[in-house]
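Here chain A shows up in two complexes: once beside chain B, once beside chain C.
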Partner chain A sequence: MLSVKDLAVSFQTRRGAVDAVRGISFDLEKGEILGIVGESGSGKSVTSYALMRILDAGGRIKAGKATYSGIDLRRAAERDMRDIRGREISMIFQNPRAALNPIRKVGHQIEDVLREHARATRQDARAKAIAALRAVRINDAEARYDAYPFELSGGMCQRIVCAIALACDPRLLIADEPTTGLDITTQKAVMDLVRDLIRERGMSSLLITHDLGLAAQYCDRIMVMKDGLIVEQGDPVQIFSDPQHGYTRKLVDATPRIGESIRSLLPPADRKAELPHQVLDTPLVEVRNLTKTYRGKSGPVQAVKGISFTIKQGQSVGLVGESGCGKSTTSEILVRLMDATSGDILFEGENIAAIPAKGFARNPRRAQIQMVFQDATDSLNPRHTARQTIVEPLRRLGGLRGAKLGARVEELAVLVGLPLPLLDRFPHQLSGGQKARVGVARAVALEPKFLILDEPTAALDVSIQAVVLNLLVDLRAKLGMTYLFVSHDLHVVRLLCDHVIVMKDGEIVEQGHARDVMANPQNEYTKTLLAAAPTPPARRQVA
Partner chain B sequence: MTDMPLKQSRKTSGGVDHLIYVLRANPVTLIAFGMFALIVLSAIFGPALVPYDPLETNASNALQAPSWDHWFGTDNVGRDVFSRVIVATRLDLSMSLAAVALSFVVGSVLGSIAGYWGGWLDIVLNRILDTIMAFPLFVLAMGIVAALGNTIENIIYATAVINVPFYARLVRAEVNIRREAGFAQAAKLSGNSDIRVLAMHIFPNALPPMMVQVSLNLGWAILNAAGLSFIGLGVRPPTAEWGIMVAEGANFIVSGEWWMAVFPGLWLMIAVFTFNLLGDGLRDIVDPRKRT
Partner chain C sequence: MSSGSIASLMFALWPRAKTLSSPAYPRLRAIALRVAQSIPVVIGVVLISFLLTRALPGDPAAYFAGAAADEASIAEVRTALGLDKPLIQQFFIYVGDLLEGDLGRSLSSGQAVAQDLAKRLPASLELTLTALILSCAIAIPLGILAATRPGSWVDHLCRVVVTAGVSLPTFFTGIVLIYVFYYLLGIAPAPLGRLDFIYLDPDHVTGFYLIDAALMGDWETWSGAAKQLVMPAITLALFTLAPIARMTRASMLTALSSDFIRTARAAGLSNGKVLYGYAFRNALLPVVTTLGMVFSFALGANVLVEKVFAWPGIGSYAVEALVVSDYAAVQGFVLAMALLFVVLNLVIDLLYTAIDPRIGFSSK
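Showing the complex of A and B:
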């Protein structure tokens, strides 16, 4: 149905032409779901943009052929392409909020597509749009027709995007990271829906994702891309159990699975013995009846509803929940960037909730409680080099100056595995993993007792996530830090934490020893969370 | 476009490399910088280099058309127009620079405070700025100069006042979107007080768009100062200043002596044009993210 031969795409940049895709060939059968898996920069999205001929300025299909049911996609006139897009091939984009027009009702946006391709007239457009909403299983479709994108949740928006993409009954659906940024239970709902719709209508699909586990669960065939080339393709189970290419093996290793240890995320050559960390019986942080109420437009919103827990010295505690459960609010209060509405936080016996967040920057405790932020890019000042970023806490709180300061920065760079020449680069000149290391170096610069990790690997590729998680494990042992690891991903939490706290709607629904909670969840919600995570096929044990 | 595989190049460009790149990538910027350099040079060295004393009158040589001796001709009292045009550069440029610097500083402080702390402070400041913007700005400037007195300092103050709202609004927006940014939070964790976070971390990130504003504003400020002088408020004769020269020359256009008004007007236009062109290039230069 779709046949791609030696496709090559290059981009014109300041430093000359960059080859994003370097000659790939594949075929897509009717009714097949083909997964394209790769990390950022592998050229997987560029491939799909090239097929739709919607490459960014400067991008050009350099060579090769792409044929869709006899039509040469590379040579087709722009007018014909406009016909093909939406009616024959349609696309679901990464960020549903960005893909929808924020100031138009979602129903009208579906009508636009229908009318553009002459699938509806002014009279029956509304009925057809509502039918399209029903098709993606939106409850109360008539009412949702009049909703604006901002009134809907992320999962709902992605369903609308699906409805738009499927409105004209395309025969090929390209889904570009359709669930990035969605909660894990929403991800499952959206993916199940997309798969069912594809099967019902006998469509073909290209699923582009960085998540090998997700691809394995939903695809008939997987293609692994790296640096613009296909390194391996085959059946999902076979790719998992017997990866042929070195890169695929690395990816498979790095995907967290049940029954693996944190070291097994790394390639075999890098697996050192895990250093033990000591958990003492004395509590470091005790949280008692913590509440936080925001003033919302329609009355007060209780983000955190009186939670209590204890973190022992040296312990790593995982705080798990989906967006809006109050986990970020809790961590911001604990790190003293935000004041609680009520409740106590005893840090080594002292109630730090009583100290206003405003003045905490000058508190002697400041150096002892630090945080690694969720988005490494956002948390680095774009105008500061890596060195300036790491210097900041050392100079402000550590009081270091001159040669001592320089030596300490380099020591930290070595500790987090950041090559020294990179210290003088700006954030945009660093890769995602390097930025994460800078963020970690800044947070551990003063050897804090308590480190809060707010989804530190959420924005990273799996292979880099594997490295960063292992770095955190090593640092914990070397510096004797206590972690609060905030995450939505139970599989990652299990690898790193001794104790798990599951939050939902501002309350703790379950907590306990990490292994017990994972193996034998008591609460319904915890069970749902665990079930929603994609389950990659287990690795065949090589004797 | 997260998926564009930009190969990490080993070498990264420094400040000078970047400057050269920006100038080469955009010829308009190169031309603008060339013209800017000429204007600055004539402001600094002009008075020392011009062939005639700009204030020396010579009744026997009045109203001469442009010639090899007097490139831009002479005015009604026999002064050399070319010398006066060049000498006036220093006064016009320094007036606009001073006014823009003043409004930059005041606007940045007000805008930063409003954008960072928000609340009633933000509301009050915004309403005051709205009030200023609601006046026809040139008329407001006229009023200020007329009320305070006819001096160069007062022209500068008036020009600064009418430009403050543009800076304050721009800074307010830029600061506001970065108030909750990760790096601002991280700076607090590093022991920075709110004021330090604002001044050292958030404000510098607003500089690139500010540079565009500064450059456009320099053009407006020159026009504004010249405009005030043109209507007789501000710089007084016989000082050489483009606005006055155009005003004086305007009387003679009907009788055919066009050069008295055209050449200072032309210089005024070139100066404004230069600053307008300069903006984009200046932004690219101060933005470290444009470096590779």
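Showing the complex of A and C:
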């Protein structure tokens, strides 16, 4: 149905031409779901844009051939391509909220596509748009017709994007990271919906994702891409159980799964013995009846509804939940960047909730409670070099100066595995993993007792996530730190944490020993969360 | 703005703001609320304009008594003008008059200030609005074209026009236009006000000559007024072109690189639909913001254009009044401008909500 031969795409940049895709060939059969898996920069998205001929300015198909049902996609006239887009081949995108026109009613956006492809007239467009909304199983489709994207949840927006893509009954659906940015239960709902629709209509599909586990669960066949080339392709089970290419093996290793240890995320050569960390019985942090109420547009919103928990010295606690559950609010209150509405936080017996967040930077406790932020890029000052970033807390809170300061920065760089020459680079000159290391170095610079990690690996590729998680495990043992690890990824929490707290709607629904909760969840919601996480096939058993 | 009292209008809005607070009219209520919020601004303007005009150097009594006046006659004029009373008393007299809709009498023109403003404000508004419509008609398409073809000749043209527009002062472009089109080519009428003396002023309805003449069906006067308007409007348009074109280009570029444009293209929508239906609507918000700003500073900045073209507008009126410490006229001018800006801001806020559903009108 779709046949790609030696496709190469290059981008014209200020520093000359960059080859994003360097000659790939594959075929897609009718009714097949083909997964393209790769990390950022592998050229997987560019491939799909090239097929649709919607490359950004400067991008161009350099060589090769792409044929869809006998049509040469590379040479077809722009007018013909417009007919193909949406009617024959359509796409759904990542970040669904941004993928919709923010100031146009979703119903009208669906109508636009229907009218463009002459599938509806002015008279019946509304009815057909509502039918398209029903097709993606949106409840109360008539009411949703008049909604704007900002009034809908992320999952609902993705359904609308699907409705737009499927409105004209295309035969090929390209899904570009369709669930990135969605909660895990929403991810499952959206993916199940997409799969069902594809099967019902006998469509073919390209599923582009960075998540090997997700691809394995939903695809008939998987292609692994790296640096613009296909390094391996085959059946999902076979790719997982017996990866042939070194890169595939690394990717398979780095995908967290049940029954693995944190070291097994790394390539075999890097797996050193895990340093044990000491958990004492004395509590470090005790949270009591913590509440937080925001003033919302339509009345007060209670983000945290009186939660209590204890973190012991040296313990790593995972705080899990979906967006809006209050986990970020809780972590911000604990790190004293935000004031609680009521409740106590006892840190080594002292109630730090009583100290206003505004003045906490001047409190001696500041050095003992530090945080690693979610987005490695956004949380670094773009005008500061890595060295300046790490120096900041040392100078302000540690009072270090001169040669001592320089020596300490280099010591920290070595500790987090950041090559010394990179210290004088700016964030935009560093890779995602290197930026994450800078963020970690800054947070541990003062050897805090308590480190709060807010989804520190959410924006990273899996192979880099593996490295960063292992770094965190090493640091915990070396510096004797206590972690509060905020995450939506249950697999990661299970690997890293001793204790897990599951939050929903501002309340703790379940907490306990990490392995117990994961293996034998008591609460319905925890069970749903666990069931929604994609489960990659087990690895072939090798010693 | 006839002597229909501004102040009493303002205060009449107070009770309305309350009676409309029923949930049946959320939009009306929000508008009333916005108007009510601007009342403190207007009170502040009244106070500051009063104090500032008094703080200016120069003694109006001495000025109006004439060069040959002695101490006694100056004192006489001062008493006649009420300037011998304490400042606070003068202020209360001024506010009292204001509440009755009396803006005082201009010393230099001898007319009631309200009457002067009613005659001159439409002249300035007609000029500014024409200039803005003209510059939007050029700048917005130019900005869109430049954004869709970055690096092309249109883009370069846009850059040249923008640079020229900001770097050439209005009085300079005005004089060059007069020199070329009136003096050398002789195709433009003499730059002497709103209407050549051979025509009669149209009956006063709106004060906009083009509209009034059209209402009367007097097309000869209409074309006469239009001819007079062309050159000053072009001068002002050239000046206001730059920010609008630049903002249109920038916000179009941002809009075009958004994710939803990719979705629209991937759905096979036509170029026109993507460009105007999707990108431009989203790019409009910053453009409207700029337009509001440009309008307000054009209204102030057209003093120079009015001077060059002998345009009997509000700007030249204010400058003349200021030079001779004509308190009532200056205060009237500042107050009129303040009210105008209040209205302008309200209009822009309403436009925002019309363009972008995300902006809740009653969020404040």
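Remarks
Just so it is clear, the second predicted complex is superposed on the first by the 542 of 543 C-alpha atoms of A that agree within 3 Å, B and C clash if a C-alpha of one lies under 4 Å from a C-alpha of the other, contacts with A are read in each partner's own complex, and residues count from 1 in each chain.
Following the convention adopted for this analysis, contacts are C-beta pairs under 8 Å (C-beta built on N, C-alpha and C of every residue); 3 or more make two chains touch, one makes a residue touch a chain.
The structure presented is a predicted model; accordingly, all values stated were derived computationally and were not measured.
When the two structures are aligned on the shared chain, A:116 is found in touch with chain C, with no touch to chain B. After overlaying the two complexes on the shared chain, residue contacts for A:449 are found with neither chain B nor chain C. Using the contact criterion defined above for the overlaid structures, shared-chain residue A:86 touches chain C, although it does not reach chain B.
Counting the residues of chain A that each partner touches, chain B and chain C differ, and the larger count belongs to B.
Contact with chain B, but none with chain C, is seen for A:43 once the two complexes are overlaid on the shared chain. Residue contacts after overlaying the shared chain place A:387 against neither chain B nor chain C.
Of the two partner chains placed around the shared chain by superposition, chain B is the only one that A:425 touches, whereas chain C remains out of contact. Residues 56 of chain A lie at the contact with chain B in one complex and at the contact with chain C in the other.
Contact residues of chain B toward chain A in the complex are 1-9, 12, 21, 25, 181-183, 185-194, 201, 204-205, 288-289, 291-292.
Of all residues in chain A, those touching chain B in their complex are 11, 13-15, 18, 20, 40-46, 56, 94, 227-228, 335, 337, 358, 361-362, 366-367, 370-371, 373-375, 378-384, 392-393, 396-397, 425-426, 428-429, 431, 439, 442-443. Across the complex, chain C meets chain A through its residues 150, 257-260, 262-270, 273, 277-278, 281-282, 355-358, 360, 363.
Interface residues of chain A, counted against chain C in their complex, comprise 52, 54, 56-57, 82-87, 90-91, 93, 95, 98-104, 112-113, 116-117, 148, 150, 161, 164-165, 297.
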